[in-house]
Every structure is written in structure tokens, then in C-alpha cells.
Amino acid sequence: MQEIMKKRASELLLDGTVSRVIGWKAGDFVYDITPAVFESAEEIEKDFVYTAFCGANLSKYLVKESKKPGKTLVFLKPCDSYSFAQLVKEHRVNRDSVYAVAVECRGKADVDKIRDCGVKGICGISEENGTLTVDTVYGDKTLPLSEVMLEKCASCKTRKHAVYDELLGEEGEEVADCDRFGKVRELESMTPEERYEFWRGELSRCIRCNACRNVCPACTCEKCVFDNDNSGIAQKAAADSFEENMFHIIRAFHVAGRCTDCGECTRVCPQKIPLHLLNRKFIKDINELYGDYQAGADPDTRPPLTDFRTTDAEPSIVYRRGEK
Amino acid sequence: MQRIGVFVCHCGTNIAGTVDVKAVAEALKSEPGVVFSTEYQYMCSEAGQNIIKNAIREHQLTGVVICSCSPRMHEATFRKTASAAGLNPYMVEIANIREQVSWIHKDMKAGTEKAIILGRAAIAKVSLNAPLIPGESPVVKRALVIGGGIAGIQTALDIADAGFEVDIVEKEPTIGGKMTQLDKTFPTLDCAACILTPKMVDCAQNEKIRIYSYSEVSEVKGFVGNFTVTIKKKARYVDELKCTGCGECTEKCPQKKVPNAFNLGLDNRRAIYIPFAQAVPKVATIDADYCNMLKNGKCGVCAKVCGAGAIDYKQKDSFIEERYGAIVVATGFNPIKLDAYEEYGYKQSKDVITSLELERLMNAAGPNGGTLLRPSDKTHPHTIVFVQCVGSRCDDGKGKSYCSKICCMYTAKHAMLIREKYPDTEVYVFYIDVRTPGKNFDEFYRRAVEEYGVHYIKGMVGKVAPQPDGKLLVQGSDLLADEQLRVEADLVVLAAAIEPDKTARSLGTMLTASMDTNDFFTEAHPKLRPVESPTAGIFLSGVCQGPKDIPETVSQAGAAASKVIGLLAKDKLTCNPCVAHSDEMLCNGCSACEKVCPYGAITYSDKEFRGPNRTTLIRRVASVNDAVCQGCGACTVACPSGAMDLKGFSNSQIMAEVDAICK
Amino acid sequence: MYRIPEQNLDRLFSLTAEKSKLYIPADTAAGTAQFMPWKEGLKLTDAHNTVRSAKDFFFPQTENLVGFRVEGKSIEVIDVREETEDFVVFGVRACDVRSFSILDKVFLADPVDTYYKNRREHGTILSLACNMPEETCFCGTFGIDCAAPGGDVQMWQTDGWFYLEPLTEKGNAYIDTVSSLLEECGGEAAAECRRAIDAVKKKLPLAGLTTEGFGGDKMAELFDSEKWGELAEACLGCGTCTFVCPTCQCYDIRDFNTGHGISRFRCWDSCMYSDFTKMSAGQPRLTQLERFRQRFMHKLVYFPANNDGEFGCVGCGRCLSKCPISMNIVKVMKNLTEGDQ
Amino acid sequence: MQVNNTEFKPKIVAFCCNWCSYAGADLAGTNRLQYPADVKIIRVPCSCRVNPIFILRAFQRGADGVILCGCHPGDCHYTTGNYYARRRMTLLFSMLDYLGIEKERTRVEWVSAAEGAKFAATMNEFVQTVTKLGRNRKLEDLRCRK
């Protein structure tokens, strides 16, 4: 796959179809891959990679890159393509200046999960047929990819792209047995007290590094309300547990109906806070109350929070839920 | 820092009875920013207002807080007071310590405490108030009426009568609309043409009214008082100014096989035509789909016979741009297509017809010259079945959920007319309910049943099956007798539901006027503002707003006209200054605000901004049209970045109130 | 040198906690390691290092500086400083131990930051040698020996024993408080452990990384390097690297209106943020490139320029494993000197 | 924690839309219908003006309950505002509940200008509910406590 992508990217750069390519660049340890902009076939040849560690969603870089002259090629995994479509829908990315190349994906690995298996001192990792061989300072280890996948890949909803100009590899199918709301349901079935304890435990670890926000393709405000001193709610660090709650509730609310569930927030959190559970709660509620909705799936439908039905449920439905 | 004055009103004993007003004035005196605080018996009295005015001048107040009755009562009064003393009227805030304190709390201590807190909240808010100046926008003294049916005609006539110029845009070659196709009208049974055509002529002759027939609105820009509308005049290949309407061409045209749309395809007309004798304007139109000259250049008969030289085969669509102060939508309705109702055999049998087709069949100017004959074999029908609610009050997804309102009455009319003219004809009406609210309506219906012997059967028709002998076997149920009925009918008439004209949806988008799921235009308030769209300057007339009969349409048309006249009578519009405002530096152009704006007040444009290090950035940003925005604030919450804020009720003001209350 | 068997660790913790507050690195519910106040049953983590560094003990993420009580129009200044109690931090790695001396250079230099000084005086650091360094470790680059971690007491864990060697007065005082659990011993086992670690250190993938090409005298050439653009390109502008970094010491001072007064507090700031060092005239570093460059120039050039050549990095490797886009100081160093070698 | 109900006075913030609910509150006043002084009203043009941030802000500052009142669906002065408010608040309340925060502390109630009695009854009932819950501790900011 990597070689096909490199070849195609070089071709398109050379024939002038695109002026730059957003892709993934190799790092020092196999897993530390950095998103990068390539402007020549030589750069592609040298550093471009597409491996089990290319979890990063490249679509948000288009906000900046697509404003540059010429077309920008972007490689999109299925989940990334929804983020891209949503960005186009919200006029954040100019569709005409992007050449979207869909690439197949069978799930990406999470190096933290590899470490959680007790693997230390990772020097190299190779993948073959779903098995990872990890070369460490302290010897070799093999692990099945399926056991160390990123959370977002373990609960992958579809391997089919929302939109693209060109497809490389095989187009996948929707994942029929995906149960991405399982954990949300589990939390819903707890008592409020248990839920409160759960979330305090998670959110109290937050260091307000803003990685979740800054990586989020739905968070593309020119200036976030939490950074804007004039907004009255600016915070730099969570000085009280309230501020931890506030930041995450409002952030989830601001992306509600727009979040494609790409899972980047959870992937990048240095404190491993399962932030996707907040977004998925909104998605689950929206699906149940206002009909199934997938952000980024189509260019025309109104996001649920800028839409309504006269027959919508009353907010009091919240009180009735959970009563069994 | 603001210099705030606090004025606590006793309201006689209304407030002072349960609130220690002196304590309130004293407590609020020490709030940050407060430089003056006092109380008085009646702040709204002249003496009270003078206290306020004097304090504003003497203490150079920049903000005023009145602790008194509800702002809904006296906000306007105190704003005027402030204004008279040279303070911007929007620097006044009211703490409601009567309706919300003294009148509902008996305990003096609790009441006084709450009054102080409400006063603090008002002080916190006024500290963040900014002077607001209402904008003004000029009013173009001309109205546009879209649609030239009875609704549009009546609205136009009323507006013109008040002395304002008004244009009618009608997409058909003639004005008149659906009513021209009707035979008689309920409940008076007078002839539709007799009451409509004089009004059409009035329109044509009124020098204040311009008629753009065979035209459509193609673009709308601007806002209340200031719309710029592009009207597309479709090519009719006849010079309207030269054509005398003599009709010579329509007799000589060799292309005779054109389905006559005016008669709903029940007979044919020529390729060049005048829809009917009393058409306004009485000008011929060439149907380009059928004209041999236009299709293959072989004919030219009409040009040869036209004494006036009005035929112009080279005519093209032309566009006219006009400015208007107000726009009235009167786009009317159409019966729904009955394709989905196979069970009634509408497609299989020529003798299953819609009610509107029946109107044409019975009309003296119709295809049979007013004699009711079956379309299939031109014989007299002896048994006629009417089926009600075809596509109305449907939950099956095939039809409309609403009641079309007019069908019960026109069916009673049809039944009555038929029984009167052809007493040997049996008439059956299958109905779910007969709905006859309206002056003389129920009496009319009862006459049909009692005097004319029309058979009303409560129940629905399950199937209409054409028989080999040309009869129509109608199978239905009689719910009252609890039995299945089979009627051998000669003619079946379906009361098809009515729906908004297909052009309404695209027009609604152009006007940013909201519509419901059925494509009826939404009124600004269902009870209190029934003829206005929520979008300022857009008014609604006739069925485009909801099903209604002729008298209702005419009265609504008049109401819409009076609203338009009220608007056009003003030279300038004063805008509410408490409107949304977009901070372009924060806006990311996502369009969320635009989607929730009920007034179409938000537009987007690409603007240049200074980027870092002497670069230029082009960004899509929102801007709010102050004249159109009504200040609801829906956009402010839809906006995640806080770029959109509401003047007078800003985020920081509301949060300051929250803080003051919770502290 | 003293020693205590591993199975007695809980007793050591318990005894330590009787005298002062004790923090140990332990696992959170999510499986990440962080320093937590010890309580009965809390176990030492198996993880190599904590996500947040030990700098939190002396320079917490948020800290109240002063308060103002507002009543009507009167304002009263309140000293909000609370008495700090003695505390012991167990299991600090060599890199974090070194970070304290870097922070000292900033906060204890004139004018002395009394908040920091106060905490520093009350803290005793028990360091632990790294038996199994991660591939992301490169403390050796900055002359740090993870086999001899330093602090008030340095420790080795080997063959079922913890070996403790006090290095300072505070260290001796600590040993005294827990001496009932310790037995005196020779230094052989610890020395053996050091040799084993030294062998591992050579195998680490970043063992060859040097500071050559960096330092206070490299300002002009590094600042103007064309490579910054490419390096900063993918940076999200989040503060992850800054906040997990043991040596980042920038903070912002903010006022919080409590409704009945003002709480003035400081909190960590990040040079990666767009409003970092914002002044009335605006931000001095307008693009992410400039902000990104600032962070690495500070650690590799400006800091050594002002501090006798000491680099502002201790090679703990946290930014290597935590950066959302896997850009880090190692990649920056390698890239900037790529053509030179 | 057990709260002494006889002494605990909850802080309640009520956001009322100008056209229906604020007028409804006025009517309650005109008719001298009593409800506890713990309720403090903030006037907003429309229920759709209420940002979830305002609600959290109230809790931060020590409110024990927040209620939003607007025109009945279909009667909004601005035609559609309360429909948006309805969706926003439904989702917000559901999220607060998901975080384990007592759902009874938040409420939306549609009160028309004619429903003074409903306004008073709603407030009485809401104050009672919140009083039973006791002080808001899960969503308060300790710095704001006096």
C-alpha cells in the first residue's frame, strides 16, 4: 500500500495535478510518525510512510494548506474522510483546491497499548498479516494488531469513505458489528454517583494541554472561547474541578452534531482520558432523539443542533431516562 | 468606569409595602460603580422622572438602574426619560422588584434581600451596557406581489388604492389564477368569472399597477424597505405592446393538437393562444414546445395574419431589475398529482376526474360548453360518485397530513349544481367528515342533503374499477350503516388535496422566508401576525400560507395589503438596535448562525484580513443586516467561537447578571 | 549504604508517611503512572516514569498567589499562602532530579520566588536508578547518569532489595527517621546494579545523540535555520510537550473573580500557545513556527547562554512519547544538525 | 451529605424569555401568586439566547438549580427559537446527567404570558425539588464559595 501511495503521490506532483501532498513522515522509532507536507517526489521517496502507526487524521491540516495556491493532495483513511467532508460542509476547507485520495485502512496500532503489554524499550516494529513484531532493547516480542489497536480503530464504524477524488486499494464496508456505544451504555446504566466518580477520576487527570481541542477537526475556531480573554470564560489551566468539567462539557457541546467520531481526541490525550465517550454520548443521544445522523456523511443535511422538528422530545425526557 | 445612578420606586405601597426601599437604595449605593442612589414614591410620575433627569445631569451618570415594576411596563418610559436628559436610552436597566418581589413575597426581610440582589444584577448588567443607536433605513415606495390569482389581485388593488405603486408578477400568460377556472362559487353560487374578471380589468387599468405576466422572480436581494428583485420575462414571441388581442392568429394557427392547459387538457388549443376570452393582459402567447416555426422554421402563419405585426419569433427571455419596499407572496396552490392513488383508477379511466376538471366540464366556457358529459364517450352521466379527502388528512405518506379545507364545500356545490341541472342524476358523496365552518356554510351543505337529495355516505372508497361496459364500479364502506357498498357509477370525481405551488419552495429560499414541511409559508405568529412572514418585509396572501377558500383569501389579501401600506407609508424604518453582531476577527465562517436565523439576516462574504508578518488572509465571515435582524439570539448560541453576540443582551452582560445573582 | 527488602516497602512507606506526607509513583485507573499521596495499599508502579514530571511538587500547575476581598467599594489584600508541610517524594528518576536544579536556576535566582523556595525547602527527594530505561530516554546526552540518580537519597532496586544512599543532610535526616527498618550494608550490590544499567544505556537507540552544535554560542545560525518551517509544520500548538516537560517553567498570572473577591493565581503557560507573552501591542511570536522555534531555542540555546552552558532539557523522553504528532526535541536536534555531521 | 432542609435556601436562576415567560412571571406577580424568593429571574429575548455556558456559569457561582422558561413550542415570538433551545437543553441536560450531576437541578418549562399560575406552580415545585437535593456540590467552583 505504502509503495502504491508513494508512486501515485509522486506522479501527481510531477504532472502538476497537485502542488503538495499531505501525508505521514517516518520518525525514529517506527511508531513516532509525524504528519507532513511533501512538495517533491524526492521528499516522498525519502520519508513518506503508510504503516500501522499512521493513526493521525490529516484532514485538519487542509484548513491551512488548502488556502495555498495549487491543489493539495491529502491521504484520507475512511474515518478521516468524514472529517474532511464536514470541514468542507462548514466552509473551512475549499473542496476545489483539494485532491482527496482515499486509502484503505484495517486499523491502526496504539503504541501505548503495546507498552501496556509490558513491552519496554521499543526499537523497531514490523507488521505482517495483522501481527506486529516488536524489536526492543530487551529482546523481540510478537503481538496481534487487533489487540493493540487504537480505541478509535477497535470501535471502527465504517471502512468506507465519505468522499474522495481517487481511491487507492480496496474500498471497505461498514462495520456491521461495531458497538461503539457499548461503553456509553455501560455508563448510562450506572448510578449517577458512580458516573460522577468515574468522570471525576478521568477528568481530574486533565492537564489542559489542549491537545484534544487542537487536534480535533471540528475545533477550527479562529480563537477558542477558552482562549479568548474577552469571552469571560477563558481558562488556561483548570484551577478547580469545575473548570475541568466546564471545558470538556462545552467542548463536547460545541462539536455536538459536527463531531464525526474520528477518535483523535482520545488518541492524543497524554493522560489517556476517554474523551470520545463524551462525544459519543452526544452522538448516541442525537441518534436516538432526532434520528440517525453521521456528521460528514453528506454535504447537505443540517447538523442536528441547527435543525429541529416540531415534534422533538421535550428536555424532560432526560428525567425519564434511566428509570427502569 | 461607569457612573451609575440607582432609583428605587415605592410604587405607592405596592413595592414599599413589602420591600424596605430605603434599605435597598442604601445597600445599592455601595456597589462598585454606583455614584448616586435614591428612592421615591412614584418614579414613573413626572416628579419621579425629574429626579432621574436631574441626577443624570448633576452626577454625570453614564448608566441608570431603576428598581421598579416590570420592564414590560415602563422600560420605554424610563428610556425616554434618560434620553431627555441626554443619556443614551439603552443605558437604562430595570430591576423588577414589584412583579418579581413585592407582589409575590410577604416577608419584608426576604423581599428586601431579593430586591437588593436584583438591583445588583441590574447594576452588573448596566456596567457592561454600551450606548446603542437605532439604525434607519429608507423605504422604497413600491410593492411587489408575486402571483396574480385572486389573492395577488386583491392585495395589489388595495395597495394601489392607497396610492402606492405595485407590480404583479404572474408566471402564466394571464392573471386570474385558479379562480378563472372555476365555474360557480360557494356558498352563493354566483359565477366565478363574473366576480373575478372585473377585478382583473381593474388591475389592468389601474395606473399604479404594473403587470408582468408570463414572468417569474429570478433573484431577490436586500431587505425590508429595500429589496432588489430581478424579474425574468419569459419570451412569449409576441410583442405585448403591439398585440391587440384580436385572436386572429389563434384561429389560423395550423397546429391544433396542443393540450389546452386552461381546460386541464380536456380539449385542445392552437400553438399560439390566449388562455381564455377575458385574459388580462389580452395578449397572445406562442407555445414554443408546439410551434412549428420555432421548432423547425416552417410555418409563419401567425406572423402573416397579424395585422399589428406583433409576432416576433426572435424574442428572448429578458430580465428586469426593480426595487421594492415590500414583497407579498401570493403563489397559490395546485391539486396534487394523483399518480399514487391507483385504487381510484384516475389513470385507467377518463371518467375518473378531479374536482377542478369537473369545474371545467361544467363551465359554459369549458370544453363542452357547459353541458356535463362524460369525457370518454360524451354521454350524460346518470350516477356520479364524489370521493372526498383524496390525499388530504393522510398519514400513509402518499398524501398530505393536513385538511385541504375547501373540498367539502365545493363538493356540496358540485352535487347541488348537478342535481339542479340534471335531476335524473344520482349523486353520492363518500366522506370522512363534512367540515363546514364558515358563514352560511353548514346551511349550504344541509341544503345539498335535504333539498337536493344528495346521498352523503360516511366512509371511504376502497376501489374504483372500470368495467367493460364503461361503467365504474365503486366499492366503498358505509360506516354508519356498517355495510359495504357497491355503486355502478358513470363518473367519479376525486376531491384531490391541494398543495402549495411548486415554485414556492425556491421562492422561499430566495426570500429567506421560512416554510413548513408542507411548503406552506410560515407566518410570523400563528395568531397575532398571520399575514406576515417572519422575514421582515415579506407578507403572505392566500393559499401559499395555508389552505383557504375565496372569501378567506380575499380578506387575508386585504390584510396583507394593509400591512404593506403601513410599511410603505413610512419614509424610514427605525431598526431595533438590540441586534446580533458578528466579530469578524473571531468568525470562522462555518454558517451555523446562518442556518438558525429565522430572518435570513446573516450573510457571508470573503474578506481580506491582515495576517501575521505582513501577509494577507482571505476569510469567509458573517455579517448581520441590522435592518432584518430581530434580536432573538439563536445565532449567538449556534456560534461556537462566540463571534456572534447580541447587543443589549450580550454574553458578558448575561453572565454578569448570573454572577451577581449567585454571589 | 542501607538496604531494605522489597517486601518491606509498604512498611517503609507507612513509617515515612507517619512523619511527613509521602508521594509515590503509582498507576491511575487508566494505567498511566503519576505521583500520588501514599495511602495504605497504594503500590509502586511498574511503569518506567510518570506522565507528569516531579516538578509539580515545587511548581504546581496552578498556585494561588494572593487574594483580594471585595466588599462594596472596599478592597482588602489577603495572603493566601498556607503553611507547607514536609513531604517526601519516593522514586524520582535521574532526569527529574536534574530538572530541579534547572528550575532552581530560574526560581531561586534573584529575585527569589518564595513560593517555589518554600516548597523546595520542605521536600525530600528519594531518587531511583533506572533499571530498564525506555527507547525514548536520552538523559545521557545531557550528562545525566540514570544509574546514579542523585537527590537527597539515591536508590537502586536489585535482587529483591532496595539500596539507599543518602547524599545530603536532608537525606541523612530521612534515613534517621526510617532507620528502624533499614540495615546497613556495603556498596557492592549497588555498584553491580550500576554496571548492569551502564550496559543497557549503551544499547539505547538514542545513546549516540549529542549536544554538539547546540549551546549559547549557536544563536544566530540556529535561529535562522531554514529547517524550522518543516519541523513546525505539523505542530498543533497544544501544550502537551510543555506540560509533561520537567524543565518547562513558564507561567501566566491571572485573576479570577470569585464573585466576592479576586483570586490571583499563577498557572503553567506554554510557549506553544498563541497568546503566550501577549502584551498590549500583541504577541511577539505570531506564527506557530516562531512559537515552536522559541521552545527549542530556549532549551538548546537561550537557557545554556544564561546558565553557564547548562541545557534546558534532561532527556526524560516524555515529549517523545506524548506529542500528538510525534514531533520532539530529538527530531529537532537531529534535523538541525543533519548536514553538519 | 444530609442537609438540614429547614435552613437550606437554594439559589435558583430562572432564565425567562421576554415575550412569554417573563410576561407569565409578571402575571404571577399581578395575581399575587407566591413562590419562594430563592428564584431570581434573568430576562432574555428568547429561550434560544440561553447559552449552555450561562447555565454552567450559574452552577459555578453557586446556583443550586437553573430553570429555563420559554414560549410553548410553536408560539415562539421569533417562530423557531424555542425549538433550537429545546434541542440544546435536552442534549446539555442529558450530558450533565451522564457526568453524574443531579438531573433534577436543571429544567426547561414552557410558560405562556397567560400562564401566571403555571409559572408560580412551576417555581414552587422546582424550589422544592432543589431544596430536597440540597446544595450543589458536584458542579460548583470552590473558589466562589464564601
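A, B, C and D are the chain letters, set down in written order, and residue numbers restart from 1 in every chain.
Everything that follows uses one rule, which is that contacts are C-beta pairs under 8 Å (C-beta built on N, C-alpha and C of every residue); 3 or more make two chains touch, one makes a residue touch a chain.
As the structure is a computational prediction, the values presented were derived from the model and not from experiment.
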Chain whose average C-alpha position is farthest from chain D's own: C
More contacts between chains, C-D or B-C: B-C
Whole-Å gap between the CA centroids of chain B and chain C: 68
Intercentroid distance (Cα basis), chain D paired with chain C, Å: 46
Inter-chain centre distance, chain A versus chain C - centres from mean C-alpha coordinates, in Å: 30
Distance between chain centroids, defined by C-alpha means - chain A, chain D (Å): 36
Shared interface positions of chain C, touching two or more other chains: 256, 259-260
Multi-chain contact sites of chain A, meaning residues that touch two or more partners: 223, 225, 233, 239, 305-307
Shared interface positions of chain B, touching two or more other chains: 596, 638, 651, 655, 659, 662-663
Graph class of chain-chain contacts, one of line, ring, star, complete, other: complete
Touch list for chain A against partner chain C, complex: 27-29, 31-37, 56, 61, 111-112, 116, 118, 120-123, 136-138, 201-202, 205, 207-211, 213-215, 223, 227, 229, 236-239, 267-268, 270-274
Chain C partner contacts - residues on chain B that touch it in the complex: 30-32, 612-613, 659, 662-663
Residues of chain A that touch chain D when the two form their complex: 184, 187-188, 192-199, 225, 233, 239-243, 245-246, 249-250, 252-253, 256, 278, 281-282, 285-286, 289-290, 304-310, 312-319, 321-322
Of all residues in chain C, those that touch chain D in their complex: 256, 258-260, 263
Contact set on chain A toward chain B in their complex: 67, 90-92, 220-225, 228, 230-233, 254-255, 302-303, 305-307
